[in-house]
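In what follows, chain A forms one complex with chain B and a second complex with chain C.
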Partner chain A sequence: MGSGLSYALAIAKKDLVTQMRKRFEAFSMFLFAIIAVFVLGLVLSSATFIVPDPETRLIVMTEIGAGMLWVVVFFTGMFGFSPVFISESETGTLKGLSLAPIPAWSVYLGKVIYGFILMGLVELFLVPISMGLLGFTFAADVSPIFILATFCLGTLDLAAVGAMASALTMPAESKATVYPIVYFPTATTALILLVEITRMLAIGIPLVGPGIVDLLIILSGHVFAMVTLSATVFHFTLTS
Partner chain B sequence: MISIQVEGLTRRYGYRVALNDISFDVPVGGVHALFGNNGAGKTTLMRIISTLLQPHAGKVAVLGFDTKEDPIEVRKRIGVVGDKPLLYGELTGRENLNFYSDLYDLESYTASASIEDLAEQFDVKRWLDEPTKILSTGLRKRFDIIRSLLHSPDLFLLDEPFSGLDKDSTQVFRDYIEEKRQDRTAIVTTHNLSLGSEICDDFITLRKGEIVGQGPISEFDGNI
Partner chain C sequence: MNTKRMVLYILSLIVSFVYLYMVWIFAPPELNLGERIRIFFQHVAPALIGYLAFGVTLVAGVMYLWKQDLRYDLIGAASIKIGLVFTTITLLSGMIWANASWGVYWNWDPRETTTLILWIAYACLIAYRASVNDRDVRAQYGSVFGIIAFPAVILSYISIRIWETLHPIVITGEGLQMGPEHGMTLMVSLIAVGLVYLLILDLTYRIDSVAERLMELRMQRSG
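Then we have the complex of A and B:
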């Protein structure tokens, strides 16, 4: 008897293999991310020229760059992630998953794992490029564990929200319009937290107010709430 | 022993009643036809039996398991073939079948042997390692039939199973159903009344969500 997690891993593996074979789709995701960072980098460097002091300019670029990075990750995720359930629904293969004797939450979890890996791969390239083009670096006194935790939790959160948004969009006639309407409000909390944490990682931790650990705990709570809530109600999207 | 038990089943889509308080039993073994024109309620009934749709009233039990209460137990025991193959075009036939074997908890050795055996039987062995998107409709249908048989289901739910199949494939599938008809049950919906009459033991005719005919296939007058 397999566990729900083993079914989820089988679904994630199948999705990754399928995605890698659709070379054009994976490539276009990377291309979109790179172009977006490049354009934002150009705009940011010319716009910050109005700041005369080079040190202040660097701080402004770092503050804006940290936010821009997550904007690009969000849109890249939206671009690459929206089809996870919609395409299965359109090709009819979702029926195969619905007919399999597995708990509905493992289908959801499989899509979240797939989204996490896919977006993680994009971020592996995107973060160093963004650091170069958006002109920000992580503060020297920040532990790499915080950086890793932020990107892992952030990616997991966006994947969890994105998968549920894609599932909820399936019955809609104009899916392309409905998907961002569902995805954006649910991802906003995570985005605000991620921008704030990344800003702290870049310019250093402030002496007053909540620290990185506090914000990471709130982010973990959001991830937990999103994953468990979505997994609990997910069966409603497979049967009607 | 009863394979499918339907009691007072009602299903609506908005105000339209797709199935109106229907009841019937299907015994274990044999091939049973479900006849009806478009919109009669055949697909709705098949979707409810296969746990994809919830009834609004009444209950359906498959081999003793309620489709609403124990959907996973029901799914373990059914094999469904519909009009659209449930295959991933980017994956090869073998990868598709291995993926579904994982979802059905089949041991990898058993699954491999079963895939080879069924591929031989349905004559698709030389296409096992080709992406299914490049295969013809008939070949994809054959792979889809294999997918539905991998876990040796006790109940086959076949919605227009012969559409898209050539003469040879139809014969192979018919032979398979024939071989298993003693201890397995098959429900077949088809518009091909003569084919349905040839392979089925009895029939149920649906019209506007109600049963208007039922009995041994010898009593079927061709009126749907």
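Then we have the complex of A and C:
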């Protein structure tokens, strides 16, 4: 007998091992992200004509680029998170998970951990490439702890929402069409906060308005709300 | 028609007329906003009742998952539709107000943005419910979605307290930050829109219940 968390880790490990065997999902996510960054970078390069002054252009590129990074992560998440339950449902292994003598929330948590690690791996490569192509860097006076906390909380939030959206998509008629309409509204709240925080990390702390710590606290609250709400009601998606 | 329903209909009608009188005649022009204050009442009341409608969806979702009674699902689904109508009125009246005050319809103000996300979220919930064919599964999963969509309502409500925004904070811990005439008008607006919400909720629930029963009968007849 193990704890709910150890079951969750076992499920995450099972998914990661399966992913390592297949490889194509993580690689496809990464490729999609790179293509998206490339296209956005291409569009942003037109700022050279729109904003001729190099100093102003740098500020504009920093502000837009930092926000665009999360837009790319957000859409990449649609590829990465959507199969977490849908594939289990299609291959018939979901029945096994729902009948396993483990709490339903540990199944959900396992999928969140898997999504977090998968997206984290993609971000490890995506962030430096985005910084190069979208033309932004983090401000020198910002503590790396804030940067790390933002990416950890943001990825966890999107993984929590993405896993639940995948579970909700299982009974839908056209899964590929329905997944975005479940994922988008629940993840956009986090996206707004993440764009705002990352913009602050790139341009430095603003003198007016909320600080990074305030927004990180709100983001933590959102992560907590999404994980606890979803974990609490998750068993209803396994029992119908 | 039963007595309670009749009382609700008559009360809604009377309070709606009082609301019209107070908004257009009783409330004096505001010092800074002038006559534009009249848009304010028709903007804030639907916004707050819209939040309430989505709150009812949350509670109905919890109740359905707990009791497995389809009536709660019908209430929750009806409340989404009405909440969307009120949020649409909020967005449109906000745009009219923004154009009158700042010369543009849309400012990407945090409250505007989060309210638009809220509208999209619950519109997606309606689309999602339509994509699930099995009635019980739709109720079960729709309830779960209604619960996890609610943080968007909280963010929309607290957005003016988080970010610098064009929206003034009217409701604070010390009460309403406005003159007594405007405060009274806002209160009447809230009651009137709240009653209209209840009235439409009741009508929608009854229509949906009949449609549900009709579907059941058709299914039984078709074997």
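Simple rule for what comes next: the second predicted complex is superposed on the first by the 238 of 240 C-alpha atoms of A that agree within 3 Å, B and C clash if a C-alpha of one lies under 4 Å from a C-alpha of the other, contacts with A are read in each partner's own complex, and residues count from 1 in each chain.
Here, a contact is a pair of C-beta atoms (placed from the backbone, for glycine too) under 8 Å apart; a residue touches a chain by one contact, two chains touch by 3 or more.
From a predicted model like this one, the values you see are computed outputs, not experimental measurements.
**Student:** Hey, is it chain B or chain C that touches more of chain A?
**Tutor:** The partner with more contacted residues on chain A is C.
**Student:** Is A:H222 in contact with chain B, with chain C, with both, or with neither (first, second, both, neither)?
**Tutor:** So A:H222 only meets chain C here.
**Student:** So, A:A100: does it touch chain B (first), chain C (second), both, or neither?
**Tutor:** Once the two structures are laid over each other on A, A:A100 reaches chain B alone.
**Student:** Please work out whether A:I50 is in contact with chain B alone, chain C alone, both, or neither, and reply first, second, both or neither.
**Tutor:** neither
**Student:** Mind working out whether A:I181 is in touch with chain B, chain C, both or neither, as first, second, both or neither?
**Tutor:** Only chain C; A:I181 stays clear of chain B.
**Student:** Who does A:T189 touch here: chain B (first), chain C (second), both, or neither?
**Tutor:** second
**Student:** Contacts for A:K14 in the overlay, against chain B (first) and chain C (second): which applies, first, second, both or neither?
**Tutor:** The answer is first: A:K14 touches chain B but not chain C.
**Student:** Answer with first, second, both or neither: which of chain B and chain C does A:A172 touch in the superposed model?
**Tutor:** A:A172 sits against chain C, while chain B stays out of touch.
**Student:** Please identify the positions on chain A that touch both chain B and chain C, taking each partner from its own complex.
**Tutor:** 240
**Student:** For chain A, which residues count as touching chain C in their complex?
**Tutor:** That would be residues 161, 164, 168, 171-174, 177-178, 181-182, 184-186, 188-189, 192, 196, 208-210, 214-215, 218, 222, 225-226, 229-230, 233, 236-237, 240 of chain A.
**Student:** Under the definition above, what is the set of chain C residues touching chain A in their complex?
**Tutor:** 65, 113-114, 117, 120-122, 124-125, 127-128, 131-134, 136-138, 140-141, 143-145, 147-152, 154-155, 162-164
**Student:** Provide the residue numbers of chain B that touch chain A in the complex, in ascending order.
**Tutor:** 50-54, 71-73, 75-76, 78, 80, 82, 84-91, 95, 99-100, 102-105, 131, 147
**Student:** Give every residue of chain A touching chain B within the complex, in rising order.
**Tutor:** Per the stated touch rule, the residues are 1-2, 6-7, 10-11, 14, 17-18, 21-22, 91-93, 95-103, 238-240.
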